[in-house]
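Given below, in the form of C-alpha cells, are the structures.
Okay, so chain A shows up in both of these, paired with chain B first and chain C after.
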Partner chain A sequence: MTTTSPETGGHPGAPSPPGLAGGPGDMTAPGVRVRDLVVVYRTPLGELPALGGVSLTIEPGTITGIVGESGSGKSTLALSLLNAVQPPGRISAGSVEIDGLGNVLELGGDDLRQARGRHLGYVFQAAQNSLNPLKTVGKQLLDLGRSHGADDPRALVRDARSLLERMGLDGARVLDSHQHQLSGGMRQRVGIMLALVLNAQLVILDEPTTALDMITQATILRIVREVHKERGLTTLMVTHDIGVAAEVTDRLAVMYGGRVVEHGPTMDVIGAPSHPYTQGLIRAIPRLSGDTAEARALPGRPPTLGTLPAGGCVFRERCPLRMDVCETVEPPPVLVDRRTVACHAVAGARQERVVREERVVREQERVGREEERA
Partner chain B sequence: MKPSTVRGRPRVNAVTRRLAGHLVRGLVMIWVVTTISFVIIRNIPGNPVLGQYETLIERGMSPDQAERATAALYGFLPTGSLWEQYTGYMKALLHLDLGQSLSTPGTEVVTLIGSAAKWTILPVLGGTLLSFVLGVTLGVYAGVKRSGKLGDLLSISGSLLHGVPQYVIGLLVLAIFTTLWPIFPAGGPVDVEFVPGFNAGYLASLIQHATLPVLTYALASYGGWVLAMKSSVATVLGDDFILAAELRGLSRGVLFRYIARNAILPLFTILALSLGMLFGGAIFIERIFNYPGLGLLLVNSIGARDYALMGGTFLVTTMAIIVVNIAADLLYAVIDPRVRTGGVA
Partner chain C sequence: MITGTGVTKTYKQRGDVLGGRTVQALRGVDFTVRKGGAVSFIGESGCGKTTLGRIIAGLETYDSGEIVINGVPMSALRPRRRQPYFRRIQLIHQDPYSALNPTRTIHQTLRAPLTLRARQTRRSDAWVDDRAEELLSLVGIDPGYVLGRYPHQLSGGMRQRVVIARALTVDPEMLVADESVSMIDVSMRLSVLALLKDLRERLGVSLVFITHDIATARYVGEDGELYVLYRGQVVERGGTEQVISAPEHPYTQSLLSAIPVLHGLEQPGPERVVPTEALDERHPDAGCLFARRCPFRTERCEAERPALRRGADASHERACFHAQRRSVIPVEAVA
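Entry: the complex of A and B
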C-alpha cells in the first residue's frame, strides 16, 4: 500500500504546471480519515497522551479548520498527518488514511520523504523561520526540486515565480533573496509557494497568520482561499483564532485536551455551538460592537499533559453541564444534526428530545384517536 | 538568480564599511599593544635600557657613543624625558625598526623574527586546519548521533583531549613517537645534511620534522572543535527551518548540508581565538620539539635577557593575532549572507 503513491502525485515541470487558472488537472483532492489516533509524549512522569484517540474525517476539497487553545493538540494532529510527530512525542495507536497514500503511519524512509512535499504540503507558522538563513529562496527551491526528482529546474523556477506573482510578490526578486531580506508576510507566501510548487493536493497550514499584522493576515487568508479553490485542494488549517477560521474554513473541528469535541460545518458550529466548550469559546470572543464586558472568559484553565484527567470527560472540570457520568465515562462522539459532538449532556439532551418528540407524537396520535372516537 | 545591480551596491558598501571599521580598530589595538610593550620594557626592574647605557659608559665609551649604541639596540634613547623616549620608540616602529638583538650582536630584531615566523606560522596553520577539518567532521557526526555509542565515544575523546594542556600533549607525542616508537625525529626544523632548496630530500626532511609539532597543535585543538561543533549542530537541529526542510521532504544529503553549513558558522569566530591560543602554545611546543619558531625565540630571548628581541617578538605575535582576528571576521562576512548585506536575521 505504500508504493502506489508516487504515480498519483504531480510532476513538477511536467505538462500540468501550476498554471493556477488551469485547475487540478488529473489530480483530485484527497480525503483524509484519522481513526483513533493516540500520540503520547515521553515525560519524567511517564508517557502522557497529547492526542487521546482522535477520529476525524476530512472530506475531499474542503477547507477544514482546527481550533483550540494552546496545548489542545492541534499542531500534534497536524504533524501526525505527515507522520512527523517530533520526539519526545510518539504516535502509539491509530491510523491516518490519505487518499493516494494509504496509511501514512505505515510509511517510512524514502516513501515518507517523497510523500512530504510532493503530496502533502506543510506551511509553517509565520513567526517561525522556515527557511535556511544561508541560502536564497531560489536555491532552496532547487534543493526541493532535486530532492523530489524534478528533472526540469527551469520549469520549477517558472512555476515558483508564477505562484509568487499570483500572490502579489515580485517572483524574480524573491527567489534571489535570503530569508532576512523578506518581511513576515513575504516569508509566509514563500512558505505557501514551497508547499504548492510540487503540486501537493493536501495542504496543511499550521497557524499561517499568527504574528502577522491584520492587513497581511487578510491577504494571506485570501490567498489560501483562492489557491484552495483554483487548484482544487484539500486544505487543513490549524489556528487558535476563531475569527480566522470563520473567514476561511467551511468545516470546523474544535479540539480540547487532545480530543476533537465538536466537528461540523463552520457556520453551524460557530452560529449554534453544541459542545459546552465550543459555547464557552465563542462567548469569550469580544465583539467589536457592543459591550466588551459581554465577552466572558471560560472559567478555569485548559489541562496540560500532566493535569489531564485519566478517565471520563476531559472538559468536566470547567463544564457548566457536568453530570455524574462525566466523571467516569469518556463521551463518545455522536452525530447531532449535521455535526459530531463528544458530550454526555448534548447526547443526553438529544436523547431527551427524541424521547420528548416521541412522546409528542404519541400524544398527538392519542389526541387524534380520541378525536376520531368522538 | 543573478544578483541585481540595485542590491549589489549596498552589499559592497557593507563589506567595505566593515573592512574600514576593522582596520581602524586593528590600528588602535596595535597602538595600545605597542604602548604597553614600551611601558613594560621601560619598567622592567633594573631598567635594562639605562643599565645597558651605563654599562657601555663604564666600559669606556663616551656618553654620545653609548647613547647611540643603546638607541640602536632598543629603538629609543635611554636618556631624555619619558615622552621623548616614547616618540622615539614609535618613530622607529613606523620604520619597522625593532632595534638590534643583544644575544645575537649585530642582527636586527626584525630579521630574527622574520626568519623565525615561518617556523611558527606554517605548523600552527597546518595543525589548526587539520584539527578543524577533522574535529568539525566528527563533531557533526557526534551532534547528529547524540544517543549512539560512537557519538558518545567522540564526545568523550573530545572532552579528554580538550582538557589536557598543550604542553602535556606535546610531551606525550614526543615520548611516544621518538622514544617508545621512534619513527620521527625528536627535534629541530630539518636534518642538516640536506641542501636547503626545492629538492626531495630537503622537503621530506622538513615534513618529517614538522609532523610532530603539527600533530601536537592538531591534537591540542581537536577536542575543542568536536565539542563546539557538536553543540552547534544540536542547536541547529532544534531550529525551525530544519523541521521545515524535513517536512518538505528534502533529501538526506541536502538536509545534512543545511545542518553542517549553519552549524559551522559560529565556529569561525572560535577559529580566530584558537589561532591566538596556538600562537601562545607555540612557546611550549616549540621548546619541546626544539623548533626554531617565534615561541622558541621568545623563550631564548627571555633566557638571554635580550629585552629588545623579547619586546619585538611579543609585539609581532600580538599583531599577528589581531590580524588573524580581523581576517576571520571578514571571512565570516563573506560566508554569512546576513552579515554580508548588513541585515538583521
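Entry: the complex of A and C
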C-alpha cells in the first residue's frame, strides 16, 4: 500500500516574502495543503456551509482535477486558494498553505494582490467575461504588468507573444485585438496567457472548456497539458465534466455537498472508483462503444446549500450502500490503497479486509512455526 | 414521417456601412425522419443543427427546398394551414430555466394547452387535471409534488421533465430535442436521456436529437441514424452505431477524436485525427468546406466540393473524395 504523504516535496528552500518572489530563482512548482477549510454563505436561513471542512493536499508538479456538480463547492474551493471568497461568503475556519506564500488566508492588502498573478494564476470560467471589451489584449497585459511592478514592459510583451505563439496563435495580432475580435477558443488561450505571463507557478483553471466546441476543447486541453509540463507548474482544474478531468489530470478530487469524497490518482479513481458517488457518476457517462444499457442514471438530485443534511453523510439520500451510521456520523476521509475516500461502507469493507488479511498472515505464521517445530 | 430535400437557409449578419456578410446556415440539406425513428444531428456550434431543428419544428422559415410531412408538401400550403402539421412536432429547448413561465405553477403551465386540447376533442374539464397528472407521471415525476410549485422550486432535471410533459400535451408525433441536457447537472442528465428514449419506445414518438455530444446521441438513438453537419452541409450520415464505430469523413473523425478519453477505463483510438487549424467561418466556400482544416486534403479538395455519396455500405454516405474508415474512438483499456 502506497501512502499519499501530505508533505511530499514542497518547500522550495526558505519561503520568500510574499509579493517579492516570482523571479527566475524561484521556479519550483508549489504544493498546496488545504486543512479543515470551512466556507459559509450568509442567507436568510442563517449561515450555511458551502465547504464543510475540506482537507486536500495538492502535490507539487501535478495536474489535479476537482470534479463536482453545481453546488458541490468546487468553485468556492478554487476561490479560497486565492483568498478571494466574496461576501455573502466567508472563510470561517481552516488554512490554505501554499509553498512560498504560507497561509494565504492570513494574507491581505498588497501582499495578497501581489500573490495573485505572481504566484497564483487564475483562468476564469468565461474568459470573455474577464477581458475588458474596451481595451486591446496588449493594453490589458501592460496594465497587469504595471499593477504587479513588472519593470520591463518590452520583456512582458515578448513573453506574452511567445506564450500565445506557443499556443498556436499569432501573438502580435492577438495583442492588437479587442476581445470581440477573438473566438471563444482564442479568448480562453488569452486567459491562460494572462495567468502565466507573470510566471505564476500555481495555475487554477475554472471550467476552462465550458461553452467551447469539442475540437476546440481538445485543443485547449492539449495546450494545458503541454504548458503545464514545459513550465513545471502545479495545475488545478475545476470542472463538472469528469471526462475532461480524466483526459488531462494526474490526480482527481471528487466533490459532493461541500466535501471531497474521493481523491487519488486519476487512473485509479476512473478505473476503479471507490466512493458510491464516484461510481454512480462514472456509470452515468454515456460511452461511444459497448452496451448502452450499462449506463445508469444516478437517482435523486445533488443537494443545495439549503437542503444539505446537518449531520451524517451528505450523499446518503442517493446512496445504494446507505447504513444506519450514515444518518448520524459524517464519514471521515480514510486512506484506502492510494487514495482517500470518505465513506463508511468503503472504510468498513477496508477494515474487514485488513482484519481478514491479518488473520491470514497470523495463520500462515502459525503454520510456519508448526512446520519449523516439526 | 417528415422528409426534407435541398433545404437551404441564409442569414444576413448586420455589418458595417457596406452591408453585412451572409452566413449560409444550411446548404441544401436532405433528411428523413421515419415514424417512431430517431435521427441525431451533430456538429459544432454554427454548423446549422439548431437552425435545422427549428425548421423541422416549424419555427423557422427556409429559403428553398421542400419539407414534406406525412406526404403533404408544406410549400403548397398557406402558413396557417401548415400549423396543424407542425403542432405535432414539438421542440424541447436547451434551457429549461427560460422555457417555463416563472409566474405560473406547473399546474397552470400544463392546464393551458390541455384545456385547448379538451375543447378540440370535446372532453370534460375533469380530463384536463387527470391528463396533467398522467403526463407528469409519464415523465417520471410525482404530480403531487410538482403541480402546485413554481419553476424556481424545481431542479434543472425536473424542469426539463416538465417541459417534456408540456410538449406531450398535444400528443406529438415527433419531439425535437435541442441540446436538451446540456444545462442539467451531470448526475441527472442520463435520466432525462433515458426518458426521451423511453417515450420513443412507449409512445412511438419519433425523435430528432440535436447535440454536440455524440455519446448522448448514441445513448438515445443507437438504432437510429446520425447526420454530421459541417458549415451547413451534411458531410456524413448513416446508422448511428456505424458512423460512430466506422467513421469515414475526416471531420466526423476529428469530432470523435476530440471526445475526452476516460483514462483508466479507455485508451485513445489508434488513428485519432486532429484538424490542421481551427474553424474559421471566413474560410472560402470554394471546394470542400473542410479542406482548409483537413490533414488529408489534396488539390482536388480545394477546387471541387464533394457530394454525399454511398460507400461500401448503401446506408452509409459521406461527402469526401478521400473517404477512408479510421479507428478513432477510445478502446477499452486492458486491465
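Things to note:
Basically, the second predicted complex is superposed on the first by the 329 of 374 C-alpha atoms of A that agree within 3 Å, B and C clash if a C-alpha of one lies under 4 Å from a C-alpha of the other, contacts with A are read in each partner's own complex, and residues count from 1 in each chain.
Methods note: a residue touches a chain if its C-beta (ideal position, glycine included) is under 8 Å from a C-beta of that chain, and two chains touch if they have at least 3 such contacts.
As the structure is a computational prediction, the values presented were derived from the model and not from experiment.
In the superposed pair of complexes, A:Leu144 makes contact with chain B only, with no contact to chain C. With both structures placed on the common chain, the touch criterion links A:Leu175 to chain B but leaves chain C unconnected. Of the two partner chains placed by superposition, only chain B is touched by A:Ser130; chain C is not. After overlaying the two complexes on the shared chain, residue contacts for A:Arg116 are found with chain B alone; chain C is out of touch. Judged by the touch definition given at the top, the superposed model places A:Val190 against neither chain B nor chain C.
When the two structures are aligned on the shared chain, A:Ala345 is found in touch with neither chain B nor chain C. Legend: residue contacts after superposition of the two complexes on their common chain; A:Asp213 is shown touching chain C, with no touch to chain B. In the superposition on chain A, no contact is made by A:Leu81 with either chain B or chain C. Remark: chain C residues 44-45, 155, 157-158, 185-191, 193-194, 212-216, 218-219, 222, 244-245, 254-265, 274-275, 278-279, 329-333, 335 touch chain A in the complex. The touching residues of chain B, when paired with chain A in their complex, are 1-4, 239-241, 243-251, 254, 258, 261-262, 265, 335-338, 341, 343-345.
On chain A, the positions that touch chain C within their shared complex are 69-70, 168, 183, 185, 213-219, 221, 240-244, 246-247, 266-272, 280-282, 284-290, 292, 295-299, 301-302. Within the complex formed with chain B, the chain A residues making contact are 82, 84, 86, 113-118, 122, 124, 128-136, 138-139, 143-144, 146-148, 173, 175-176, 178-181, 191, 194-195.
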